[in-house]
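Same chain, two partners: chain A is paired with chain B first, then with chain C.
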Partner chain A sequence: MGLRVENLRVYYRTLRGYVRALEGVTFSVADGEIMGLAGESGCGKTTLGHSLIYLKPPMNYIEGQVFLDGQEVPIWDMKRMNEFRFRRISVIPQYAMNALNPTRKIGQLIADLLAAHGVDFKEILPELKRRLDLVQLSHEVLNMYPIELSGGMRQRAVMVISTLLNPSLLIADEITSALDVSTQKAVCEMIVEFRNRGFVRSTIFITHDISILYQIADTIAVMYAGQMAEKAPTEAILRSPRHPYTRMLIASLPQVGVRYREERLRGIPGAPPRLLDPPPGCRFQGRCPVAFERCVETPPFVEVEPGHFVACWREI
Partner chain B sequence: MLALESVSKIYRVGVLGLGKLTAVSEVSFEIGEKEIVALIGESGSGKSTIGKMILRLIPPTSGTIRFEGKDIFSLKGKAVKEYYRKVQGVFQDPFASYNPIFKADRIFTMIREEFFPEISRPQWERKLEEALRAVGLNPPDVLGKYPHQLSGGQLQRFLIARALLLDIRLLVADEIISMLDASTRVDVLNLLAELRDRGLSILFITHDLSLGHYISDRSVVLYKGRIVEMGSTERIYSRPLHPYTEMLMASVPRIDQKWTHGEIRVERNAVGPSLGCVYYGRCPIAQEICARRVPPLIEVESGHQVACHMRT
Partner chain C sequence: MGRYLGQKLLIYSLTFFFAVTIDWLIPRLMPGNPVDTLVSRMALRADVAAILRSYYLQAFQLDLPLWQQYLNFWGALLRGDLGVSIWLFPQPVLKLILDAVPYDLFLLLPAVILSWIAGNQVGAMAARVRWLDNSILPLGYILTATPYMWLALILAWSLGQVAGLFPIAGAYSFGIRPHLSWMFIKDLLWHWFLPFASLFLVMFGGWAIGMRNMIIYELEADYSRYLESLGAPPRLIRKYAFRNAMLPQITGLALQLGTIVAGAVATEIVFAYPGTGYLILQAVLNQDYFLLQGCFLFIITGVLIANFIIDIIYALVDPRIRTGMTGA
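Up next, the complex of A and B:
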């Protein structure tokens, strides 16, 4: 059944008015799908991830619905969300390495967390140990303080903890950005392995790095200034993108193999609009080389090919 | 133009500074005229420490750094200022380089007061405008603004323009791309390459191999403070010899090729921290000698040097 998000609108309340961080976001993630969520800083990808699990002020829920395995998720209700958090929707935060309480040993910390959700630590211990083996952490870490682990080890520990109760949805928020390339690869492969073994069903993998998504994601969703620009299977996004923003973004990526002397890459001129008072219609129109009159209306996010959604008047 | 000769840096760490941490160990390389040298390494490889030593921000524990033949740490008084006229740095976080309560263009005023007190105002303004245009900015759009009103890319260009106001010969660019968004980072990269073509030398410090490959002429690969491989960028990327460089090349995510699924390697303990090859703990082809002796950098072909017992 997976996850389905319909017309989600989340704004940040500021002294100068609402910052329209998510404006009518609609998409779904199937069972077993790893969906990569890409976009530049400030496009709303982290806001989207957070609003699915912990929608706290100054975030303001405006409208929209979220369904997980056919059941509505009350993301606007802090209290009722408690039964979803960790058990059914879990997150690996952006700074996972600093997410562990420094005064508790890893084992105690896990026991506390499980107790808060009414699960017996002893019962789950064998499974916990199996999973530590899987990510190549020794069982010793349960008796260690976070400071005794290296960054990569802490990251792996958090991954095991976050997925311990086999959540239906895992949100991984920029979990590879602070890691070295070799560790990065290991962490990404573990995310795939967790999915393959059924520890998690659907995964939303948030990152600004599209080349990582090409390695592990089944589908990629590209956001721009609070709106979904395009979502499609990974190969389609990279080889035949339809939205002008996706096309320009992919063309601007430096690759091993591309050299300045041989091939000049181009960036995207201009900057994203301010989300305090964005222009009406498509938010990319100001930087878009193919914009026309129609773009002052908001383009719908429509399926142009099976599984390939795009929000652009030129493609409809 | 700039030469590092067996430069080492040992930091004192821990309580009372009793512990020792070797950040950089016997590093020697040169940067020539009109050349971009990429200094590649993961976190803790000592790449930023090298950049800071070249900028005279920290002294090396041993070894010498020469700029145009002179030891930069022997410079005194006026000569120091002359050095900074020619060598400047730009760092990773553009937002941290500005004081948020002053307008961003204050950095230019400070350059004028410090280095060009004799220049007349209209002359200065022309010079400033030239420098801003050289980095692809439109002066009326960006002058007179506060740092928060400018984007990361614009602030980073400001800092490059600031360096260009001087008679700069060498720019130390320490991870200046990493904080920028994909759509603007390539413009800053192109800017560096254009500056090189106009006569500037650049030390491009990065952990991102694809960025290094895109613009650099030569690459120096560091691991735990030591050079493991260096040579022309083309050679190193097409035919890496050191197992560490090989591993890096295989791990870098690409959009034209998927990862081959290798075993995730667990660290092996080296005999002692100063004994043997720095990569011994993770090396797949290590032999017994690698734990005992530090491999020297050996030239395997013209301009391509590798420090590996097994591959030389």
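Up next, the complex of A and C:
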């Protein structure tokens, strides 16, 4: 049944007021789907990922609902979320290389974590070892401290740990951003492999680098300034983007499959609105070449073709 | 591990060597000849002066070339001979120091260790209990920011002078001989309390603040956030944070313990408590170079040994160091 997010609104409470980081975000991710989540830095990708598993102050839940396999997920409740965390929703954080306690052996850390969820380490050990093999880590790492591993090895260890209990939803946040191209490729293949082997069902793969998504994502969702702009199968986003922002984004890529750099986005004139007091309506209006009167109202996120959603008054 | 400790041992030996050399230089760099100063101080009686002069010229062989004096100094040192005090002539310096050290230990060991334990516990609690944090933090800062002299004098004045609850000088009452009886032990503790309390308070504030800040830092660290996102209970996260926050505290403890042999100069001066700190003061006041030299030697040794022990403990508790030394 996968994940369904409806009208999610999450703000950061700051001294200067609310930063409206997620404004009515709606989308779903099917079983077995790897959804790439793309968009410029600061558009709210990490906020969205965190909202689904770890919504903690200064993040403020305003409204919206999240369903996983048909069951409502109480994302606003830090305590009740513990039932979902790790077992059903898991995360490979942006800082995966530093995510392990430096003074605990990796095996002990896993045992502690499993014990906290009522799982016996010994029972799961054979499966754990198989998965270490899969990501090409020696079983020895269980007896090592994180410092004894390279950054890439630590990240792979975290990938195995996070998915150990076969979560329904995995959120991977910028896990390729700090890597060189060949390692990026290997990590992407592991994510696909995890899905193929059923370690995880739905995956949200966050990156600001769209070209990575061509390799692994079944669908791509594009965010702009806290709103969902477009979501469609990867091929459709690539060949026939409908949202003006997506079009400019794709056009600014030199060529399909070639890595684009963030600076290229500056090729789109103007800058995203400040999320402290964004203008009402479509947040892209300030930079949109085809904006018109209607754009001061918020465009709904509608399905214009099967599986292809767009939030733009021009496309409805 | 062996190689790591070997390296450390080498570094400490070198440090010891240079420190002792400097210690040897001190009296020789002082204006005037220590023997002349000594003799002029003692020259009330002509016969004593003559004995003294010849004794010291012999003992320190100040007429020998410097390199030979230096070698002889090491020789005497290795035999445990630190010379003779000027202030309390003719007692050997080593005996004076050995008499003083028990008082240092008696005063400082409990003060350092108890304040460390209490400070860590309270600091760790303050990191998660709001009201405790709001009271401990300002109190801790006030305690650590207060010049120690002030605090000691205020205690001595209020509880000693005004309230008359505690004596303010000496390690036991004048007129009692040290012996093993309840009466003497009570008297000893009674004299001990104020200097102990003043040290405890100041150190407690420092430990508590250090621990509280370290824990908060660790709780914000990436590994804590990761565990929290994976639904680990706060108990586990706090356990990890506490353990990691302890590492700097252990260093701090060992450093403090190392300086114990130096006594607590200020405390022992304020409360006229007869430890090494008090000896140093007397040595300076009486221009007792050899006593001063001996005290410094003790301090050097103590600090170095303590540092060496920290290195060992650290290598045992912190895998970052343990693996760093195997070059992984």
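Observations on the model:
The rule we apply is simple: the second predicted complex is superposed on the first by the 303 of 316 C-alpha atoms of A that agree within 3 Å, B and C clash if a C-alpha of one lies under 4 Å from a C-alpha of the other, contacts with A are read in each partner's own complex, and residues count from 1 in each chain.
Criterion: a contact is a pair of C-beta atoms (placed from the backbone, for glycine too) under 8 Å apart; a residue touches a chain by one contact, two chains touch by 3 or more.
What you see is a predicted model, and the numbers here were worked out from it, not measured in a lab.
Applying the stated contact rule after C-alpha superposition, one finds that A:Glu148 touches chain C and leaves chain B untouched.
Touch criterion met: A:Asn98 reaches chain C, while chain B stays clear of it. Once chain A of one complex is fitted onto chain A of the other, the partner contacts of A:His117 are limited to chain C, with no touch recorded for chain B. When both complexes are overlaid on chain A, the residue A:Ala271 reaches chain B alone and has no touch with chain C. Contacts of A:Ser211 after superposition: chain B is touched, whereas chain C is not reached. Once the two complexes are overlaid on the shared chain, A:Asn82 sits against chain C while remaining clear of chain B. By the touch criterion defined above, A:Tyr54 reaches chain C but does not reach chain B.
Overlap of the chain B and chain C contact sets on chain A: empty, with no shared residue. Taken together, the chain A residues at the contact with chain C in this complex read 53-54, 56, 81-87, 90-91, 93, 95, 98-105, 112-113, 116-117, 145, 147-148, 158, 161-162. Partner chain A is touched in their complex by these residues of chain B: 42-43, 151, 181-187, 189-190, 193, 207, 209-211, 213-215, 233-234, 237, 247-249, 251-256, 258-259, 261, 264, 266.
Residue ranges of chain C in contact with chain A, taken from their complex: 221-223, 225-233, 236, 240, 243-244, 247, 317-320, 323-324, 328.
Against chain B, in their complex, chain A makes its touches with residues 40-41, 136, 180-182, 184-186, 188-189, 208-212, 214-215, 238, 248-250, 252-260, 264-268, 271.
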